[in-house]
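Written out below as structure tokens is the structure these notes cover.
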Amino acid sequence: MSKVIKGGTIVTADRQFAGDILIEDGKIAAIGDNLTGDEVIDAEGAYVIPGGIDPHTHLEMPFMGTTADETFESGTWAAATGGTTMLVDFCLPGPDGSIKNAINDWHRKSAPQICSDIGYHMAITGWNESIFNEMKDAVDMGVNSFKHFMAYKGALMVEDDEMYASFSRCKELGALPMVHAENGDIIQELQQKYLAEGITGPEGHAFSRPPELEGEAANRAIMIADAVGTPLYIVHVSCEQAHEAIRRARQKGHRVYGEPLIQFLTLDESEYFNKSWEHAARRVMSPPFRSKAHQDGLWAGLSAGSLQVVATDHCAFGTEKKKMGLNDFTQIPNGTGGLEDRLAVLWTTGVETGRITPEEFVAVTSTNIAKILNIYPQKGALVPGADADIVVWDPKISKTISANSQKSIIDYNVFEGFEVTAQARHTLSRGDVIWSWGKNSAPQPGRGRFVPRPAFSSAGTALSRWKALNTPRKVERDPMNIPSGI
Amino acid sequence: MSKVIKGGTIVTADRQFAGDILIEDGKIAAIGDNLTGDEVIDAEGAYVIPGGIDPHTHLEMPFMGTTADETFESGTWAAATGGTTMLVDFCLPGPDGSIKNAINDWHRKSAPQICSDIGYHMAITGWNESIFNEMKDAVDMGVNSFKHFMAYKGALMVEDDEMYASFSRCKELGALPMVHAENGDIIQELQQKYLAEGITGPEGHAFSRPPELEGEAANRAIMIADAVGTPLYIVHVSCEQAHEAIRRARQKGHRVYGEPLIQFLTLDESEYFNKSWEHAARRVMSPPFRSKAHQDGLWAGLSAGSLQVVATDHCAFGTEKKKMGLNDFTQIPNGTGGLEDRLAVLWTTGVETGRITPEEFVAVTSTNIAKILNIYPQKGALVPGADADIVVWDPKISKTISANSQKSIIDYNVFEGFEVTAQARHTLSRGDVIWSWGKNSAPQPGRGRFVPRPAFSSAGTALSRWKALNTPRKVERDPMNIPSGI
Amino acid sequence: MSKVIKGGTIVTADRQFAGDILIEDGKIAAIGDNLTGDEVIDAEGAYVIPGGIDPHTHLEMPFMGTTADETFESGTWAAATGGTTMLVDFCLPGPDGSIKNAINDWHRKSAPQICSDIGYHMAITGWNESIFNEMKDAVDMGVNSFKHFMAYKGALMVEDDEMYASFSRCKELGALPMVHAENGDIIQELQQKYLAEGITGPEGHAFSRPPELEGEAANRAIMIADAVGTPLYIVHVSCEQAHEAIRRARQKGHRVYGEPLIQFLTLDESEYFNKSWEHAARRVMSPPFRSKAHQDGLWAGLSAGSLQVVATDHCAFGTEKKKMGLNDFTQIPNGTGGLEDRLAVLWTTGVETGRITPEEFVAVTSTNIAKILNIYPQKGALVPGADADIVVWDPKISKTISANSQKSIIDYNVFEGFEVTAQARHTLSRGDVIWSWGKNSAPQPGRGRFVPRPAFSSAGTALSRWKALNTPRKVERDPMNIPSGI
Amino acid sequence: MSKVIKGGTIVTADRQFAGDILIEDGKIAAIGDNLTGDEVIDAEGAYVIPGGIDPHTHLEMPFMGTTADETFESGTWAAATGGTTMLVDFCLPGPDGSIKNAINDWHRKSAPQICSDIGYHMAITGWNESIFNEMKDAVDMGVNSFKHFMAYKGALMVEDDEMYASFSRCKELGALPMVHAENGDIIQELQQKYLAEGITGPEGHAFSRPPELEGEAANRAIMIADAVGTPLYIVHVSCEQAHEAIRRARQKGHRVYGEPLIQFLTLDESEYFNKSWEHAARRVMSPPFRSKAHQDGLWAGLSAGSLQVVATDHCAFGTEKKKMGLNDFTQIPNGTGGLEDRLAVLWTTGVETGRITPEEFVAVTSTNIAKILNIYPQKGALVPGADADIVVWDPKISKTISANSQKSIIDYNVFEGFEVTAQARHTLSRGDVIWSWGKNSAPQPGRGRFVPRPAFSSAGTALSRWKALNTPRKVERDPMNIPSGI
């Protein structure tokens, strides 16, 4: 049964135009005028955009002695209602340290639950021969990106030589290294310092993770990636310091990508100084929100091209779990929400203000990450042959964000009270309408699929070529010019 | 009669994929596998790319007391043989100062000659009410970009207040201001200084136009565009100084575009120090070639996104005309060639080395400028409905560039002796194969068309919205708080 | 009769140490321990510093159809009570355009009035042969610095070629060019725009002079100075944009100096949005106060060495004169006060907070400008042989700044209400105690002297040498390699 | 017995003037005209400058399995003949790890040998309670600076948390942390990579230590120092990357100092590509010489104030010792010479060309480091009371540098063949003429003294004050707003 999305203004990363979209077998069959199909989806007065991709979520993630509340079902469902049709979740090795087992474990948990499609990044939290070997398995299993934590000392953190080794392996495999960039050593020192000074509340979280520590780590990871000769993706860029390091590298021809979060574009550190402990603790995530002074630069990065992706780092711990850190901010589980609201908040604060164009909105919410993760145009595009992950985006539906009315299962929302001016009228996942505004749509757990991603992106291939051409060469010396031994 | 380009690897600004392209009525009718048509164009082993757009040419331009040699016929033809299917030429007002008359004059000259499509930028070389009025006529006639010369004092140069006025008019009309950025006042001072010191040869041209003068003017034009609230396009960016100004502006959210020339990416100022006067004089153009130290930054700008377009500033004066400046470098007609070789040289030095990806090659030779000039996807794209300006780009045809074998009618080539590793196997203009490698193709003057361009690009519209939201507001004061007059 | 300043901590630009200072014949005769003299000046518990030099004042200056209120008497007196023992005032040519006459006129006005020493900068407000010639007269008369206004179009403003010519003349004469850096063309456009929009109040002054216009002009002046090969001094640096241009130049080896004002370090643009017209109008000066975001960078510039001097641009128009612009902000006389409070405000906000060291305080209030203006160590130093312009600076005298209690004759103070924590206990001018705290000191008009300044500073000489070594050289060509004429 | 240096031009960091210097009891007794003394030292036609201070030497240092050849005697003697009257040598803990013992050991070795004065920096090569405690002993013993190696993994290298701990201890003690900034982890990876590729020659040394690794480490150390709130001194700055990190920090108000070496200002990496293994191996030091592109920036840093000190890192291993690395560049002892030639090379390439002024020459060779190390004006100054470490610097004595004629005991000289245009006519150490040109002066081992340095410099004190004022504050929350436990 075919469907036609009719009457909308199609917006892609490169243009806007009036047109219909014909969908067959879960894929886009045609784009054009006056298309017909068995079923008509009304897009009159709305934009038609590629479904959002949120490349940074932690669903049901075991972390800091507890587990993130958002499930694969609730997460993919909440995302879909907000216009996001694919999540890329972070997969962590279990106690056995096996990558393969971890991926299979993630499949086991996600498969029966997910309402729309998903992919994984694999975390590299140490280094040994088995990890080296299993990285190939991960790539073979469709996971082409590996995350490295430069923070969480004593837990997930890796050292510089481990990053060098892992990045080198990524390069061989055509995979993309990613980093959580914060200096874990110094965070630990500052945590101890502020706790010793009696600062135990959530504000201590922000104080112990100043932006300089993020900038330093970003800069260091970039240097290592450059020494290896691989592109690098820096998750959750929150501050000018990290952005500056990224820009500096890009201006030398290095292929570095930066991902600000929607939170960092719109919220600031004053949240941690709120007189309500709960208000503050619910915002605890790493890196923390920054001062307002950082926001203009992040926005400019999106239009200038020095930052490419807006994500959420959705890792939702409910208030009860936050209370684990009641007397010690270092024990507050790190993470907050956003996957349901990302598109609406970005549209309202970005497109409606003219900071970014509608095309750039599509680029940073969907297309760019699809290219970076090498699944474009299967995802992130509106072209014949692409998966019909499509959103009819209605710029006339406004709402006030509230935990009371959200689909996410956590008990608060960091955007509580925000007025947004646009919403998904319909969300399609591979051609199925899984959400329609005001129609009592229900989640369909298990219909989502894992999307394997091939290795060797075009950018990585080009960089490898350049590095190979410019590798240092041995100086050939006449034995006459070499002294005999000592 | 339909045509199919079969068996190639299609490369666009956003991806590479195997596919055929069906052409009907001069437009792309379909892209897919196993397409059939009346005629087959073989693309086996080759890339299929959007025809190049060179947005910076001066054909038959009257300048410095003479006229550029390259005609509309020879220029469009030479370009087509090199894979470029559209030129945007600079239109200068004649003695009557009328914009409308100038455009009609350009039509009169170009229409019978052009072998492929063309557009114009209009030069604003002064300011008065009639220019203000006729700018609207230009936009109505399909010219949506206006060029301002900050150099050529006493001739084309405009002052800051004139730029402010013209940029403001551009903003109203939804047109794009462009600048030739060099400080004309200081150039004139330095010319006089070096002539007085007895430096009369072509090296004096380079000495009297140091990169700092270009950086200064770029910076100034950017400030004016920002004060007005309009995007800005900076032609022929040759140096780090101008690039730095562009980057700085973009990082504040300002929409500024920069256009390095293929010459600046690959040739350097040592050409002006050549012991042969003719060799040196043939390279005289403004801005001049720079020291090698500038090149890495320009290349990085292309991959980082801080520079968007590679052009040529093709303005070819033959050796005889260059001799006008035999005893005085300031009298050497400024300009050189490149439109025939741009793609091959960029491919060889950029894609083959891994400095840029094939996708970026397409972006900077075609797609980006089509977007900037608001004719995308009619031009610069491979999508159904687009003009079938397509090149079958063969990465296995190598040749040595030489004036002896070129199509351009000038008697030298600044790339003389360059080995290039790729060439256009076929060039199609609106579906017509106008050039095939080794097939004795002949120019078809008069088949080209003028391409009108609409106003109000997406980027300009967004910027206007942002500026409107952030415009300063009057402080309302109680009359009690305002003293009575004096 | 000799004097000894006893028991203080001597602070110079390079160190702090306990010591006495012996003064004879108006000069420092010795510095050491246990010195004796005919008279003892108590410095117990205080710092002993070189008298402040304010290199940027406009006393009794005719401007904008009126004349600045502060007289040479009241100005030098108020300065002295605040610890400043030398002013460098801006001398403007009169209607006859003569530099020599202007200097003599300034002498005529200042000589009978000044309570402490003075020097002049000469303004270059146009260009012709007589100005060229008279610049030498100025240098011979002890004026080694020339100011150029890039703003005040139609009045004081000069064009780029005029600056090039004047800077070149400065270089020849070993004099220092200075600029007021704001783009006068664009200011005029913005003034007209905001007036047309009905913004007639003082906030329009700030709106029509955004920091980008200052940054642009600074950048342009720097380029011109570099093309000429001369150092450059940029007065009243208010913003990051200008500071960035200065830093960028210095990092290329160019000798550029920047002078933030004490106002810009401590006050911000919100003053212009005050609901009281008078409050706002009294703060109107050019450049205007900027947003707080600019302040951190200026402060850092003082400790980093990228900015050298803290001045005041004291040009005090009383409230009645400000009312000339009651209905049109462009008619509000530009200028405000500060020379009395500069040291105390800088000490309190800079030294007391640790932003700058006491040594840096001395450097930026006195020593650096003495070096730049080539009168060091006659002024700005505490060494034997130097003029005994000395301040006993008491870090325990606090006061609240108020127009009610100030010595300046204007009827307001932009620092009204500031609590300062230090004051001059004694101020000596060439050995005379001209001010003692709480002792009813009275002004002594006529005792001050004009301080002639020699040309050819060390920095300028070095730069000239470097430029001479690196000047472009003619390419010698064999006649065989030059074609015969056309 | 008094001495007078007569007839010279005195040059200090702040001025030049004609004057005589009277010396009594090893100290400067007076500076003035027509001074008389028992003995006259002729300075006619020469400059009189403070003796050079080389703050970076490794005399007789045990390293990489051998010991640096230059002895305390030959080193201080060679330095003195070149105008350098004080060295600050790096003291390394011995096998027992004791700081106190190491200092005493250094005293034992140096005391009988040194011909002029000396000080030490203490190396911190690990972290434990005894190091924490003994750092105080070091300060009490007159060592107020502590060096941290971020390279030499497995040997001297310290980790980030160790740096944080040690920097914090430095801050408490008022001492200055210093770093050798290169990323030791990545160096080791690159060493293994290039060795595995068969690159065993000295060029591998350069390849395995690219400038990005130095920039990264500098940036990281700066971040740590900023988190602690202490000034930082970065030794042997060789490249733009490290300089950029320093500038960026300084422009935020952070007090970071950078020390380029005279080698880095004048020599480049092509030395490592020399066809003679010995030539190349003799230049092996860390960081290595860089490409010429780095030099302009370092020079500009000296005049702009972003770099403060020119040193040598004199650590001379003779050719026989270099051969330890004949088959493996990682075994070539790292280090080269320079202390004898630093002033002459800097004068010739810096002052004679106009890149720096004579005053800046004095500042970067002597005065600045004396201030940074808190021994100013005992050293680094020409003022009454200062140690009479004075050089009569003759700008008319030229010579060709050669190992054949040098005083240093190593068997080569990296400046071999350089023509220098100035030399020390006389060198005085605490009033003793220890070297006169052409007079067969002989070394006087044992006359030199250790110079203890006090803690708490003015800059450090100011920074501590600023950090204390701006330290984060606890958010006080009403118990009502804190949930009860979980």
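Letters A, B, C and D mark the chains in the order given here, with residues in each chain numbered from 1 onward.
Definition applied: contacts are C-beta pairs under 8 Å (C-beta built on N, C-alpha and C of every residue); 3 or more make two chains touch, one makes a residue touch a chain.
Fair warning: this is a prediction, and the values are worked out from it, not measured in the lab.
Colleague: Same or different interface residues for chain C and chain D, judged by whether over half of the residue numbers are used by both?
Modeller: same
Colleague: Give me the superposition rotation angle from chain A to chain D, based on Cα atoms, as a multiple of 5 degrees.
Modeller: My answer is 180 degrees for the C-alpha fit.
Colleague: Can you work out the whole-Å distance between the CA centroids of chain B and chain C?
Modeller: 46
Colleague: For chain B versus chain D, what separation do you get between their C-alpha means, in angstrom?
Modeller: 52
Colleague: Report, in whole Å, the distance between the mean C-alpha point of chain C and the mean C-alpha point of chain D.
Modeller: 37
Colleague: Do you know which chain B residues sit against two or more other chains?
Modeller: Chain B, residues with two or more chain partners: not present.
Colleague: Classify the chain contact graph as line, ring, star, complete or other.
Modeller: ring
Colleague: Quick check on the complex: what are the chain D residues that touch chain A?
Modeller: So the residues of chain D in touch with chain A come to 159-161, 164-165, 183, 185-186, 188-190, 194, 197-199, 201, 203, 207, 210, 212-213, 215-216, 219-220, 223-224, 226-227, 244, 248, 272-278, 280, 319-320, 323-324, 326-327, 472, 474-475, 477-478, 481-483, 485-486.
Colleague: What does chain C use to touch chain D in their complex?
Modeller: On the chain C side, the touching residues are 13-16, 31-32, 247, 250-253, 255, 296-297, 299-301, 303-306, 351, 353-359, 367, 371, 376-377, 381, 383-385, 458-459, 461-469.
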